[in-house]
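Both complexes below contain subunit A, partnered by subunit B and then by subunit C.
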Partner chain A sequence: MAKAKASQAAAESAAGQAGAIDGIPQPKLDWAGRSNQWGTRVKPNAYGLRLGDLNVGIYGEIPDQWQDQTRNPRGAIPRKGVPPLGFAIRDKSDLWAESSGDLYEEAIQRRWAPATDIPWNTLKPLNEGLERAICQVSTELCQYANCDVETITSWQHQMAYGYHEVKQFLATASFDAARQFEAFRKRALSNGGGLGLEGPGQVNRMILESRGGWTEAVTYLFLMRGTFTMTMLRYLERYAHNDAERALYRYTLQDKARQMTYGLEHLQYSIAHQDDMALIMQQLLFIGDRVWAREMKDHVLMEALCVVFAGGISDAGTTGYAIYRQMMGDFMNSYVDTCEWLGVKRQPEMMPNSMTQYLKVN
Partner chain B sequence: MASVFPSEDWFNEVRSVFNSDDSYRGAGGGSCECRSAMKIGRRVFLLNFEGIECAPVVEADKGALADVDFYLDMPLADWQAMVKDIAANGGASLHYTLNTLDLDRAEGLSHSVHEDQFREDLFFRYNQTFQFFFDASARIKTSFG
Partner chain C sequence: MVKGPYIGYILGDLNYRREPGMSEAVDLATVEIELKLDWMNRQGEWQTHAKPGKSGLTLADIQIGSYGETPEISDNMTGRPRGAQARPGSFRIGNYSVRTKNEIWLENASFLYEEALQRQWSSATDVPWHTIEPLPDDIEEAQCELATFLTEVEFVAGDVPARWISETTPDYFEPRNVLLAQVMDEARHMDVFRKRALANGGGLMQATGGTAGVVGSIDLARDFTEMSSRLHISGEGAVLTIFRMGELMAYNDAEKAIYRLCAQDEARHVAFGVMHMRYMSEEAPDRHEEIECYLDEAERQILAGSQNPAGNQTASSEALAILLGGGVAHYDEGFRKLMAIRRRQLVEYMKRVKSAGFGKRFENGRSQVKEMMAVSAA
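And then the complex of A and B:
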């Protein structure tokens, strides 16, 4: 009935305009009456009009597999003859997390701008060893951010448009990472120092080169690297030396926590909907742990963190190293606990000694 | 007249400051959907955020902890030290941010009854909102009974 009324309105509108100006083609408006579901009127609620609120009627039907190979928005009428775009990720279990729409809104609403929201004027000259260490950590955090952007965008375009909530959220996640790059580059170049030494990048390469699917990339990018970055940001906030750094670490931590929510919820969904996924993740982490352990043998980041935590070089080997070990203990406990919570078994004998040694710290 | 910490009046006075200042909605703050509790010694205060505002704060019994996403738990003396630090510095100093207090305590600051990691992680996702809330207490007069 709604469809018929819309068609009638379109026809009347066309008739009213016919021949209005000589030489102007008469509009057909034959598209105007076409909609799979017309008359939709979603109202804003106390929180405004959110992406997830639009999931009403057919617009909220999110199938387990999305067959359409075009950019047709979910709920629109497909146009015949559009060449397929070859989206590789068309199964819901390969990308879905129920909270994606809400996380997208959260990322938009809780945005911050490094240019103006960080009190850069609170930066004061630090002892040279400390400034060099902070700049080194900032350099590596820039690299982590670059890896996030590249990884997310390299998978995002392969995802079918039927799951636009995930694609929208991941757009904010890559923007978050771009902001992380910007913010830490600014920190390195704003207090008399400069960028330091490039990190080894072995874990970055592992994340970027994971080819088994987005879920595999999520395992490495969020569960493994994300847990580590979050832990490191928490300790950096704890041992910040001025308000600018404190804000910088805390705001970035919030962004990372939001990404972790997507990542863990997706892994949980994937495990619940795909046979053997927990076992597959166990195998992936078995491989990933070894790459991780190899990268952690590089002393640069560890030493820089020890200097930051100690407030200078003189106590880095004692106070700083003790705090570093505590941080690694928190990371390892959180990493293993999260795996177990997801249902991915992580016996210590499955992991390198260089990782399990920290399980005993805290 | 100073409000006594902890009390419903104290929390609601802070809440008025928080809700009426737009600056708390930017710079890492903003929309927040979270049900939390502050466990101050044996007393429990429910702190719920809906959108960009904090709802009226009420005191509850310990059983209410089962319904919140997470709760922050410290002895009364430690809470008082935090509030005094915020008042003295206009905001939490480096040793009294919520993240620092969580890291520095053997049992942590943030807890949950349900152990649902998604709900526990709201402490980190909305950390700045909670920090803004407590930092707003620097703008009211506080007494400690």
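And then the complex of A and C:
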């Protein structure tokens, strides 16, 4: 334990000075001088003073396991005898991603407010079919965001304090999801339409039912749903009908990209540090693909996207559907490529035909 | 450094969408399908025209028609957005324990949420860290002790609301969004005090264990209002008073900025608790006595105990006295100021509880706060 310089002088000085006046207790100062590492002076740089900059000396030592069941900050001296809080996730391989701290700072720097950063005045009346389709897509995006909120917040408090960077990044991720929920609700209610039909919810159920650990939740929430949402947002941005929607999709893309970066990096870390994680993920995705395929048989989102891409109902079954297939092809290629990049072997013949058919599209 | 396949989007590079993997050409000579479009007749209330006001398009602006109607009891078990058309075949996946409006509602949630979005700040760039100069050893040590305590306890107000958010129906998304903003705020508080501890030649010190898993703690509350009374009204209320007095214990502009910005966030959190309790008081008089019991407990444990940085002779209260006095040698002077702060904590607590509709406890002898004030004044 490093002794803080002031401690001895403080104790002596206090003993001599305080307590001499009636009613003022003498300070115990039993906390003074108790530091694992004193003399730390982290300086701000061109980007300010970032969370990752603090990882110097013992403060940057991030152990593979964090057994402390209290909120003891990493690097502080723990207090013995504190009744535990019962954090379930205490292994680094169960939550870690190296860039968590940077993504946290990035999220803060790129904050936005749907109320004032979206040029809502650029919304103009659209043909009714198109408006209904955009409202349907917005409704489903709201529901995706709701699933993000409920999933992330149900795991966050279970994570040990030794990995505070991840807890902090996830605070930004759930806040992003709150904003996504709000932003797409605003879009649905601001141009003569309203909310649509709720989504089928099978994939939501799969994500929320991930009880095997945070890594399992990340597999479904980010690798599977996240890849699809990213692809869909890219296409929605490309075929947006006004600046308000374009801005909405761009901002959301930026938020989702951070989450995807955390998610994929965590999966990569987990696979590298747990013997059978790649196999576990293979099994999870085998099951997940079938749930996914069942949900994609629902025609509502597909038709709504076709109408949006075509700019109305009349060309939705031709041009709109062609663009939709293109989008699904991009999604599938990106999904399978990412699995390969992670080292999770995927055999197309083991995947549902309703998914692999799109692999041939692009 | 952040890396990975999505870095272009993170950085807002609009050309990034041209990356390989997003197809450019669309072959229009493809399969044609016939769309059913039956879902177009199964949507929520139509013809909604929310318009932005002078503060932009706020949550309050979209409370139109049925979309502004919040059910007293939510039967939404599928996670659908309020006002969307339900699907009869959807799975009941919502594990919602908070499904009654008065359990979580408050009247100004939309305002607090929009306010939180507008007032987000960055501890990396909005705090003038360069104004920190070396301090006398006893001051630096006290500052680090207080920063260690705040790093330790601030995220209890992130962890606990998060758990409740996951159990709250999206029909009450307005208060849920305020709580999500709070989780974000608390992440920032945890990091700004860690930054302060490591920025000026000191370091983290010993944790206090002030948020242990014991009966009556914020973590273990079994009811949302019980949790809110402990967290927002007494816990964060006490910390808010300290942050507001930041000018007295700050030694440079960086510390002043930290306390001022944190106070701004904390004030929203406390407002949530007060407004929720007021709503509960008005809408659920049958729970009045139960809430009085929560307040009894909060006064006994949190206002007086180790979760209050100005509590009785704790490490953080001694550190505060040193900071307020200007050094160990002036501990007695600092202690007097600390007692003034403690009285102010109690006065502000009383105001909040009165505002929430539970003021009678200060007249009928139920509350111990006046006795606590007398002790502080002695």
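Criterion: the second predicted complex is superposed on the first by the 350 of 362 C-alpha atoms of A that agree within 3 Å, B and C clash if a C-alpha of one lies under 4 Å from a C-alpha of the other, contacts with A are read in each partner's own complex, and residues count from 1 in each chain.
Rule of thumb we're sticking to: a contact is a pair of C-beta atoms (placed from the backbone, for glycine too) under 8 Å apart; a residue touches a chain by one contact, two chains touch by 3 or more.
Note that the structure is predicted; figures quoted are calculated from it, not measured.
S.K.: Quick check on the superposition: with subunit A as the shared anchor, is it clash or fit for subunit B versus subunit C?
M.R.: With subunit A aligned, subunit B runs into subunit C, so clash.
S.K.: Applying the document's definition of touching, compare subunit B and subunit C: which contacts more of subunit A?
M.R.: C
S.K.: Kindly classify A:Leu264 by the partners it touches after superposition: subunit B alone (first), subunit C alone (second), both, or neither?
M.R.: both
S.K.: Touch check for A:Ala247: first (subunit B), second (subunit C), both, or neither?
M.R.: In the superposed model, A:Ala247 contacts subunit B only, not subunit C.
S.K.: What is the contact status of A:Pro27 with respect to subunit B (first) and subunit C (second): first, second, both, or neither?
M.R.: A:Pro27: touches subunit C, not subunit B.
S.K.: First (subunit B), second (subunit C), both or neither: which does A:Ala46 touch?
M.R.: first
S.K.: Looking at the overlay, does A:Lys124 come into contact with subunit B only (first), subunit C only (second), both, or neither?
M.R.: A:Lys124 sits against neither subunit B nor subunit C.
S.K.: Just checking: does A:Phe175 make contact with subunit B only, subunit C only, both, or neither of them? Give me first, second, both or neither.
M.R.: It touches subunit C, and subunit B stays clear.
S.K.: One more residue to check, A:Met230. First (subunit B), second (subunit C), both or neither?
M.R.: A:Met230 contacts both subunit B and subunit C.
S.K.: Go through the superposed model and pick first if A:Glu106 touches only subunit B, second if only subunit C, both, or neither.
M.R.: Both subunit B and subunit C are touched by A:Glu106.
S.K.: After lining up the shared chain so the two structures overlap, which partner does A:Arg79 touch, if you call subunit B first and subunit C second: first, second, both or neither?
M.R.: So A:Arg79 only meets subunit C here.
S.K.: After the overlay on chain A, which stretch of subunit C ends up in the same space as subunit B: 1-9, 307-315 or 325-333?
M.R.: That would be 1-9, the only stretch with clashing C-alpha atoms.
S.K.: Using the superposition on A, tell me which residues of subunit A are in contact with subunit B and, in the other complex, with subunit C.
M.R.: On subunit A, the overlap between the subunit B and subunit C contacts is residues 47, 99, 102, 105-106, 109-111, 230, 234, 237-238, 250, 253-254, 256-258, 260-261, 264-265, 330, 338, 341.
S.K.: Across the complex, what residues on subunit A touch subunit B?
M.R.: Residues in contact with subunit B: 46-47, 99, 102, 105-106, 109-112, 117, 230, 234-235, 237-238, 240, 246-247, 250-251, 253-254, 256-258, 260-261, 264-265, 330, 338, 341.
S.K.: Where on subunit B does subunit A make contact in their complex?
M.R.: My answer: residues 26-33, 50-51, 94, 97, 99-100, 102-104, 117-118, 121, 124-128, 131.
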